[in-house]
Structures are given as C-alpha cells and as structure tokens.
Amino acid sequence: QDIGATISRFDDNWLTVMRNGMTEHAASIDGVNLQMEDATDDLAKQIDQVKNFVASGVDAIIVNIVDTSAGAAISEAAGSTPLVYVNRQPDNVDSLPATQAFVASNEIESGTLSAFQVCNNLRAEGKAGGARGYLMNGQLSNQAAVQRSKDVHDVIGMDMCSFMTIIDEQTANWSRDEAQDLMTNWMSSGEPFDFVLANNDEMAIGAIQAMKAAGMDMADVQVGGVDASQDALLTMQAGDYDVTVFQDAFGQGAGSVDTALAIVAGDSVDQKVYIPFKLVTPANMDEFLSKN
Amino acid sequence: MSSDLVLKTEDLTKHYGGVHALEGANFEMKMGEHIAIMGDNGAGKSTFVRQITGVEQRTRGKVYFYGKEVNFTGPLDAREAGIETVFQTLALADDLDVSDNLFLGREKTKWNFLGPFRRLDYKAMREDTMAGLVKTGVKIPNIRNSIANMSGGQRQCVAIARTATFASKLTIMDEPTAALGVQETAQVEKIIATLKAAGEPLILVSHNMRQVLDLVDRIIVFRRGRMVADLKVSETNGEDVVAYITGAKTGAQFEGAA
Amino acid sequence: MSSDLVLKTEDLTKHYGGVHALEGANFEMKMGEHIAIMGDNGAGKSTFVRQITGVEQRTRGKVYFYGKEVNFTGPLDAREAGIETVFQTLALADDLDVSDNLFLGREKTKWNFLGPFRRLDYKAMREDTMAGLVKTGVKIPNIRNSIANMSGGQRQCVAIARTATFASKLTIMDEPTAALGVQETAQVEKIIATLKAAGEPLILVSHNMRQVLDLVDRIIVFRRGRMVADLKVSETNGEDVVAYITGAKTGAQFEGAA
Amino acid sequence: MTETSHGVGGLTFDKSKKAWPNELNVLFALVIIVVIFEILGQLLPYMNDQSFLFDTKDRFGSIFNEARLKIIILQVAIIGIIALGATQVIITAGIDLSSGPLVAATAMIAMSFAQTELVNGNPNPKAIFGTWAMDLPVIAPIVVGLLFGALIGAINGTFVAYFRIPPFIATLGMFLICRGIALWWSSGRPVSFPTESYKFIGSGMMPVVWFLSLAAIFHVILKYTVYGKHTYAIGSNEEAARMSGINVKRHKVLVYMIASMLAAFAGIVLSAKASTAQAGMGEFYELFAIAMAVIGGISLTGGRGSIIGTVLGAMVLGVIRSGFTFIKLDGSYQLMAMGGIIIAAVVLDQFRQRNRV
Amino acid sequence: MTETSHGVGGLTFDKSKKAWPNELNVLFALVIIVVIFEILGQLLPYMNDQSFLFDTKDRFGSIFNEARLKIIILQVAIIGIIALGATQVIITAGIDLSSGPLVAATAMIAMSFAQTELVNGNPNPKAIFGTWAMDLPVIAPIVVGLLFGALIGAINGTFVAYFRIPPFIATLGMFLICRGIALWWSSGRPVSFPTESYKFIGSGMMPVVWFLSLAAIFHVILKYTVYGKHTYAIGSNEEAARMSGINVKRHKVLVYMIASMLAAFAGIVLSAKASTAQAGMGEFYELFAIAMAVIGGISLTGGRGSIIGTVLGAMVLGVIRSGFTFIKLDGSYQLMAMGGIIIAAVVLDQFRQRNRV
C-alpha cells in the first residue's frame, strides 16, 4: 500500500522523532510504501499536498495538521481516501467521516503539567511567599505555543500557585540560540528571578546555557519545559534541568501508520485515540532516556 | 519686470558640496531670441540648464519665466510651464522602444475616462514617430527595437525628435548634435532654423563654433561656473569667442567674475 | 599574409536578430597608419569596433591582428593582446572616482604576493591621474568625486586619459571628442598627433570632417553596414567624403556593396 | 504592417528573423520538466509505468489525469495572485517583501468579518467581534480586506516614493509590521468558521478562476495602458522617466497599492479556501511570488518582465511540486530537487536567449 | 594633501565642505534610538527609572551596564558575520538568499565532526559517525565546514557568473538545496554534544571577537585592495568593468565563495554557541543579514556600501532587540515596532543626505 504523509514541519525536533517513528514502522511492514511531505507550517500547502496525494492515487493519507481549526478543509480535500490525523487534534474530530480517524494528544495537558510541577518544586523550596520568573513563548503564530503559554497562565491563576509572578514573557521562536540571547537580555536588567518556564525543551536548554554562562547556580532556579527530548534529558541528567513533559513521539508515529493500514483493510478502528502526556523529573527520567 | 523677457535669472547659483558649479548667473532672454551657451568642459553649462528646468534644486537665486517667478520642483513642472529640453544625458528609458520613448510622459491615448488605465494609441504614436524621425534625418532600421540597442547618434536623434515634436514656449538643447553625423547635424540645424523662423525662443548649448555662429543671435560664455561674456553674434567672431572661453578675455560687464 | 599589417578583417559581419549592422567588412591597416572611420549614424561604425575588440561575438568573418588570427572572447583578451579602446559608451564605473576609473582593471599595486588581495597604491595612481588629465586639458575640480557627478566632457576625457596613459599596439577611439570643448578637443588632437609621431597605429571614429582631414592618413566610409570607400586623405576632400557618406558616390572597389 | 512601420531606412532589416519572445523559453522549460516527469514515471521501477499527466489508470474517463491538472495550477493560484503584484513592483525596479505577512494579516482581519453565527447549530466559539459582525454579506470582509491591503500598499509606496527608502527596507519593515498585526489580532489564535458565501470564494477551482482572470486583466493593463507604459519606463530609467515628466512618485504609490491589494485578495482567497485564518499563514509566499516572476523572465533591476511570464513561472513551480509527489520523492529531497530545478529552468532560459555575450 | 591632489583646476572647490559620509548618518540613527530607549526607561511608569545603557544600580562598578552592552552586540554577532559577506555580494549588485539555510547545513555537518566521546560519562548518544569521528581536533570541523561553504559559494558564483542566472534565483535555489541538506543530514535529528574546544569557538564573547575581527579584515580588503576595487566596479557598471578588462566572472565567483564561507563560519560559531546543530537553525538570517547591510546604507543596485555601515546596521538591530526586552514590549508589538524602527532609521538616514533632489 502507498501511504502519503504530510507533517507540519520537518525541522521540528519532536515531530522529527515522530516522523522517524512512522518511517521505521512502515519500513518494517512488507508492501507498505510511505511518502513524506513537509508542509513547512503552511496550511494551504498542506491542503494541496493532500490533493496531490489524491491525484497520485495513494491508498491512505496521514496528516499532522498545521492548524487544528482547518480539519474540515483537510477532511474535505481527502475525499474518500482514508485519512488519519496524528498528534494534533483537528476541530472537526466529532464529525469525521468513517474513513478518517485520529491518533493525537490533548495539548492542554503539556503546559499545565510542566508549570504545575515547577510550582510544586518552588513551594517545596519554601518560596511560596512569592516567586518571580520568566516565560519563553514558542513561535507566536503556533497553536501549541499559544496553548502552552495559556496553560502556564492558567496554572498561575490557581490559588495554589498564585505566588508565582511572571516578570516578562517573550518569544524565542522555539530556538535554543534565540533563547540564549533572550535570557541574557533579561538578565542584563539585573532583576532577581526564581524560575523560567519555556514552551519547549530547546528554549529551556538555551536559557540554562545563558544562565550558566552568566555564572548562575542552576540549583537556585527552577526550569520547566516540554518535549523530553534526548538533549533535555541529558541536561537533566547533568543536574541543570528540572521539569519536562514526555509525549510518545515514536509511538504516535507508528500508531498512525497502523491505524491507516487498518482503515485501508476495512478493519474496524477506534476513530479517536488519545495519547496522554507524562511528567518527567530527575526522579523518573531514566525511564525516558532512550525513548524520544 | 518687463514682460518681453522669456527667461531671466538672478544670482542663480548651484554648489555640489564643495564644488561651486554655478555662481551668480544673471541671464536674460528676449522673445524670439536664440541664444547659445558655450564654455569649457565642466564650466557649468549643463548645471545652468538643470537649474532652469527644475531637475535639481538651486542653492540660491531666482528664475523668472515670462515675467513670473517660478520655482519648479521637478522637470514635470517645467514641461507643464512650456519648457522643452534635450538633456545632455538624453533621459531615455533603455528598455522601451523608440516611439515609447518619444512619447514618454505624454502618450497618445484613447478611452481617457479610464484615468491611469487609459488605452495607449500605439498606431498613432508610431506614425508620428516616423514623421518626427524623418525630420532629424536619422536612419533607424526597426523602431520597435529597444533604445538600449540604438547607436549613440540614433539615441540623440530620438531625444531631439521628442522635443521637436511638441510645441513649446522655450526650447533648450544641451549639445544636441554631439554624436550626430554630417547629414543628421544638418537636419537638426534645419529644425533649429525653423524654430527661429517661427519666433520660438531657444537656448543651445554647443561646443561647435561654426554651428553657433550660423544659428544664434547671442552667445553667452561660461567659465569656471560664471558667466564671463554676452556677445552679439553680429559683433563677434570665432577667435573672439575662444578668447573668452579660454580666459584670455572677460566681458566688460563681468569684470572680476572669474 | 604579410606581417606588416596591424589589423585585417575578412568578411566581418554582425547581425542583431534581423538587423544587419555590419556586412562583409574587409579592412586592412598597415603599421603606423592612422585611419578614420566615418559614416552616418547607425552605419555600423561602433559595431565594427565592438567586433574587433571582442565586446561582442561576430556573426561570421575573421580578424587578424599582427598577422595572427585572433578570436577574442572578451575585451580582456583584446586588451591583453595590446588593443586600447575608448568606447563610445565610455565604459566608466559611475560610483568610483576619477583615478579608480582611469586605472580600472590594471591598478597600481603593492604587496603583489597577496594575489587578488594585493594592496592598491592610491598615491601613485592619483599622481598619474593628474598627469594623464593634464594631457587632455580637462579641468576637474575634485578627482575624488565619483564619475557619476562629472560633466559629459569630463567623463569623456577620463576615458581618453585612460587609453592615453598606457602603451599599446593599436589604439581605437570611437568619437572621442564628441562632448569636448574647443580647448579639450585641441588637446586630444595633440595626443593623437603624438601617437602618429611615435608610429603607433590608431583607428579614429569621428563625425568631425576637419579633424579627420587634419589627423589621419586614410578614411574608410561606412554606409548601411557596409564599407563603401577607402580614401587616402591626400587624394580627397570634404565634399568628396560627404558624397560617399550620403551615398552619392561609392568607392570603385566596393561597387554593388550598398 | 508596411515596411515603413518598422523603421526609417538605413541598414538592411530582415523582418523574418523575429525576436524570440522570452516567454517562449519559459514555456519550453515547462514542457521539458513535464516530459521529465513522464519519463520518470515510466523509468522508475516502483512507479509501475504510471503517467504524470495522462489518465492511464482510467480513473477520470478522460485522456488526462484531471485531478493532477487541477492541482498543478490550484496549488500555485494563490501565490500566483501575489506574483501578479510582485511582477509590477519588480518591473519598477522595486521589491515587495511584505506580501506574505500581509496575506496573514488580511486573512485574520477579513475572516473576522466573515463569521457565521452558528457552527453545527451552536454559537460560533471563535468570533472575535460581537453578533453585529456575524453573517455579514460576503462583500463586507472583501471590502475590509482590500481596504486594508490598499492602506498597507499606500504606506509602502509612500515610503519608497516620497521618503526614498529602499523598497527592500520599506517592505521588510512592513513585513514585520504585518506579521505583528496578524499576531496581535485575536492574540495569535486562529479565526475560523466563515459563512458559506465566504467559503465559496476559495472553494474548488475558484482560486484558479481568480488567478487567471486577474492575470488576464493585468496583462492587458501592463501592455496596453499608460499605467503599464509608465511602470516599465520607471523601472528602465527612473531619472529619465522623471525628466520626461512622468509623476514617478504618484505612480509608484499606485503600483505598490495594487500589489498589496492583490496580496490582500490572495489572503482572502486563502482563508476562504482553508476556512480558517491563522497568523502563521503566508510564510515565504513573498519569496515564492518573486521566484515565479523571476522564473518567468523578469529582471530584478527593472524595466523588463511580463504577466504571461509570471503565469508560466507559477506553472513551473506547480508542476514541480506535483511532480515530486508523483514520483514519491521524500520531503527532504524535495527541497533539494526543487532548488535544483528552479535553477535549471532559468539556466535553460538563459541558454536559449544568449544572442549577445 | 596639496591642492593638486584634489583636482586639476576649473571650478572653485571649497575643501572645507567635505562630503558627509553615509556611515555618520547610521551612527546618528543609532544614537537616537539609544536615547529613545533611555528616555522610555525614565518615562514608562513600570520601569522604575531604569537606565538602558548605564549602570544606575551599581551592579558592575562601571558607568555602563556592561551586561547590556555585551548582549547588544553578542546577539547580532553571528548574523553580523553573514552580513559581512552579504555586503560584498550586494556591492556587486547581487544578492545571497542561501546564507540562512547554509548556516543550518554547515552547523549540522561541522558538528558531526566535533562530537565528544562521552556525555555525562556515558557514550555519546547522537554521534552520526562512528568513533573515528569522536574527539577530533577542533580544526577538523572548522575545515570541513569552511570547505562546504566554499563549495556552495562556488556553485552560487558559477551559476551567477558563468550561466548568468539572476542571483536571486541561483541563491533561492541554493536556499532550498541547503535546507534540504540540513534536513537530510542525520534525517533531521539534531546533532549535539560537541567537544569543549569546539564549544569554545562560540562561548562567551567569542562570537563578537570573530565578528569584529572579520569586519576589520574585510573593511581593509574592500577599501585598500584590488579585490575591493573590482567588487565596487562590477556593481557600479558591470559592462564597464568587463570592458576595462576585469575578469568579471572569476571575480564574482570569488565574492560568492567568500560570502558563503562567512555564512558557513557563522554556522560553526552558532552551533558552538548553542552546543547543538539543528535543521531549523538560521531561519530568516539571510533577510536580517541583508537588512543590516541596507540599514548601513548599502544600495541593492550595487556599487555602494561599506563594512563600517554594515557593522553599524547590525548594532541598530542589536539595540532594538535589547531595547524591546528592556521596556518589556510584548511579542506582537515588538514585531510592529521593529518594523517601524527599521524604516525610521533609514528615513532619518535619507533626510540627512538629501543633497540632490
């Protein structure tokens, strides 16, 4: 069978792990031919890619949707060709036709888990009287980034964590290097702070690198991120990083291929598969070291 | 001011940074007169032309056109006031063809109610272009070729034809025959003579002594950015003019100028 | 082929699309000779120059330089072979200053072991520039000003100074005095006379009959892309040449050419 | 045509040797690329003799693979609309980098005025205005979007023409401003759920209809009107245009306004097609719009180029994209191959038109 | 200097009226922007009279806030290195869009040869080559990276010079190719964990050291060597340069090679600074590098511009970025304000140099 897949962007770390999960899983099954396209975060391009797949007559399509509110447009573009959404939940999830399904996670969990753990850690350190910190946003136009930042604000809005204040929040565009510069800029104002929350691991690592370069002791600052990438876990192993969140990229990728093949074969499948996030701290990080 | 003056400048001056290209030029031109401007290279002749036509903004001084003080903010203003100019740089659009260049800025059009989107009347423009070129005597095998592909003389003839095709209150030509062949030069001189006969005033910048003595009424000489002589052609000759150009002589009313 | 020929072309031809700008030119030039090329605008004179100097690739024909067949792929080749040219378009870099332009492509340098990163000897170049400009008689108030700000004549003088500053096996000048004033023209003619005295061959394209008759040994006339006459100056006069230019006459050996 | 309409004598002029129009070269490149994909479809072992353009599997009951023909042009139609404006700006020797972000900003703004009242029978969850902005006639978002585009274009043009800011900088500044506006509008959240009539603007082959009709209109305007002539004149020699009495400044403002209105319209069509507007839309569109024009033979130094060329340039990109999916090329190779083919297409073009070395 | 060294007579020439160098305008714009931030620090109520540049809180025992001074230039140093190359390309009237993706590709490649053997005492989990490529001397990744850059630059230059492809297209093609290479290398997975000596290349203020030393070198080269003179000549009038006997093609290849080697070096420094290489690195770097040059007063039509201008242009961007963080401006407003300031900086520049209308 020919399967076409379109991924929101190829140069995203987490999505790359998921992509590799799909490729490796597909390669392990006889007669399955997986073709991968990069939507470069361009929704219109993604819709056209789906149409191109249809024109080429593939048997099934896997979509890692750029914009979850465009589910209707994507579903329509696929027509009768089987289609599986992966990782991101499209907004039309309740009205998917029988030939379509999704294997995804609920983005609301990730930012919440991370921020809440940082809140707990700060309390444990006796800073419940007041803690100040910074929030690093991912790309401002990215839904996951917007959602994760909103999660942080929601956590801080809870009574239990209301002792936390955000001094400033700015974007570092998911990137480690921009995060370094942003963190250094923040530190140059000389304001003391207790935590840094980032929308992903890369930015958290960048912030850590900048703080260490400025001679700060990482024990004094709580740093939280999302993704549980290998780099992040090794940074955690070195004792610099405090909290991240694991989402099974490899597993989701493989799962989406299986679901697609099942629909093609006419098997009955669960149309909605939710995959939960898991909190990662130095205490349990060994479990995840080799996973993403 | 007497209104029989076509053009009058008072203390017209232009500095480019430290370069004093034109200093205190006081120039007067009467109705129907043809005046030549002569002078060494870099004496400020073209600079004078650029100040009058609004291509550049003068450092100081005043310009009167038909008795009214004018402050052209650009060449468009000057043209609208009735000054037609052949610039030394020719001002041609290289990628356009001959007739496009001839009518640049005042295309013949149809359906004028469409404003900027009014339709070009290519046919009429091409016909008029032929007529205009024949006047200058130039030969151009294919007028649909772009101007970039034209020879030096052909380019110059297009620029002249452009000026000669439209009626004006004052015509200025900056070295119009520099690149022209023998025949074409004769044709252009005929055009100038026609203007003279029609009483249309003209300023001619030229290095060609024979041409100047043949064609104009008065010669103004520039030296080192200043007017140094104002000579009636009937009262002067070639050697005399050269003496003023080289600095061997300076006009009485310009003593101390340069 | 006899080796006392500086330049020889056989059936040299250039077509631009449908335009036959140069047709079957057979040209010969002897050692030490000064030859003028005349003709109407658009007759193909500059096209001829461009084919010889490798600026363009010819449609067909052969070119021999000092007895050897040459196929210049670009002007660099021609210069390296010893041909110095003042092009009609002058070929100046507008943003650079006068001495940069004069030495463009053969800068004076120090520390030559640095290859392309060898150091420019600005001082030496400025001094030589002064000397070169003085020869042409042009006045330029500030040679550090960029060429874009120079007057038409000043630009032309820079191009001429560039050629006159370097020794060569053949000098070609395409309308070198077109934009020059009376004095500057005299100076450039003096430069040409000096070349003559030194026995250096020269091809001069010009529309100026007096100049041509004064300076050169032979006149070649182009008409409609073809050579139509080859006249010894000693055996001809102005009217005669004009007759060939206008087509009233055609040289005996060129019957049927145009 | 009579002989005299071509010239006034002089050299022999052989009319039979017509200049080969630039656009033919692009067409030629396009055909070559299609042929290459057809051949690859036959040659590559895993392709099982599929045809790129023809309906060999009889899926459409037609000689052509209609789905393919449609998608080839559909996927470039929206950027193509932008490219029509880019073409005009580049002919004036300018450049417009702001069009990509302008697409996003316009999409967000227009979509906010195209909200439907009920989604699946429930109240619209995303509306950023109150109910007064619900179920407005489709003309409302279009007008708002185009006005916004005109405003941005007027600002671009004013900076370029009156303040003499290099177009690269003026429009790079506007690039950032428009991205900022898109993010600020609805704080980065997507705006979805438009009315049916709005969706229709971008549904099915409508983007292609818009693209081709606008292309036809601007082809005529550039070739046959004063606007077009002045656009070419300014790009060819701005100083000469000014000396010839063209109001260069005003004209430039007009050109930038038209370009931005086209980009804004592309934003409207795009959001209608996707039924949503998000701040990240239109990324790199400005580059691809420019690329279409350049593949179509335009010169970035101004004065040359044509709408037909740009349309063909768009088709080249469309064929490449579809072709890659056709031969099942993996995403990361696609980028490399796309880069190579874009260069190759222009190399081909150059080889065919070298008349003067 | 004697009088004669300025000219050969003619008009009166007033040497006291020296031309105002372009770079001074940029410096002026820079100062104004700094002053504005200082004032905002005093005026904005939530800022508590903080100073932008001065050490009012006595944290550094210096009159300046040294941390701020450092980050201002540190954050533009890497793009600044690219901008040095962009400057040279633009002076030849070219453009290089491939530098951003080249940064990413070089980072990935160089980093693969800079792997350390042990991470936290465990074997390196990311190494894409075997142990032979572990703990290599730091010169290895540098040489490999620079060679890769030289190769890409040579290809760019060859297409531009010998095949006469418009630079925009040649380097846009290369843009896609390099992005593709970055994604394909290690299948898009980041490459991390370099040796300590490699990290040192990008640690602390090293990027600034590189940037400023390279700037000094290329300033000298452009002003005082044949290479520089020919670069300006080609951009000013390519045809004239050719007719004057400059080997235009070979020279262009050299310029593009130098530009790409600088971009490659920027990629090395960037990956050393971040201790990782990722395919998405360097996004928009090419645009910002060009912007630095243009803010510094370069002309995209070639022939003009200087390294000093570009360095000042880089500083303008650095100050803006730091300033925004300083006044705690929100992300979407930052983009808008950045756009506005870039335009304003150039407007200021224009107003100061209008000597000829």
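List of remarks:
Letters A, B, C, D and E mark the chains as written, and numbering starts fresh at 1 in each.
Keep this in mind: a residue touches a chain if its C-beta (ideal position, glycine included) is under 8 Å from a C-beta of that chain, and two chains touch if they have at least 3 such contacts.
Fair warning: this is a prediction, and the values are worked out from it, not measured in the lab.
Ranked by how far their CA centres sit from the centre of chain E, the chains are topped by B. Distance from the centre of chain C peaks at A, each centre being the average of the chain's Cα atoms.
Centre-to-centre spacing of chain A and chain B amounts to 71 Å, using the average Cα coordinate of each chain.
Each chain gets a centre from the mean of its Cα atoms; for chain B and chain E, those two points are 48 Å apart. Centroids built from CA atoms put chain E at 30 Å from chain D. Residues of chain C in contact with at least two other chains: 16, 18-19, 40, 42-43, 74, 89, 138-142, 224.
Within chain A, residues 10, 38, 140 each touch two or more of the remaining chains.
For chain E, the set of residues that touch two or more other chains comprises 10-13, 183, 187-188, 331-332, 334. The part of chain C that touches chain B in the complex is made up of residues 16, 18-19, 39-43, 45-46, 88-89, 138-142, 145, 149-154, 156-157, 175, 178-185, 207, 209, 224, 242, 245-246. Residues 46, 57, 59, 65, 67-68, 70-71, 74-75, 78, 104, 120, 126, 179, 182-183, 187-190, 192, 270, 273-276, 278-284, 321-322, 325-326, 328-332, 334-335 of chain D touch chain A in their complex.
Chain A meets chain D in the complex at residues 2, 4, 7, 10, 33, 35-38, 40-45, 47-49, 51-57, 66-70, 72-73, 91, 95, 139-143, 145-146. The part of chain C that touches chain E in the complex is made up of residues 55, 74-76, 79-80, 85, 87, 89-96, 100, 104-107, 109, 114, 116-120, 122, 126-127, 130, 133-134, 138-144.
Chain contact summary for the complex, chain E toward chain D: residues 93, 95, 97, 159, 163-166, 168-170, 172-181, 183-184, 187-188, 287, 290-291, 294-295, 299-301, 331-340, 342-343, 346-347, 350, 354.
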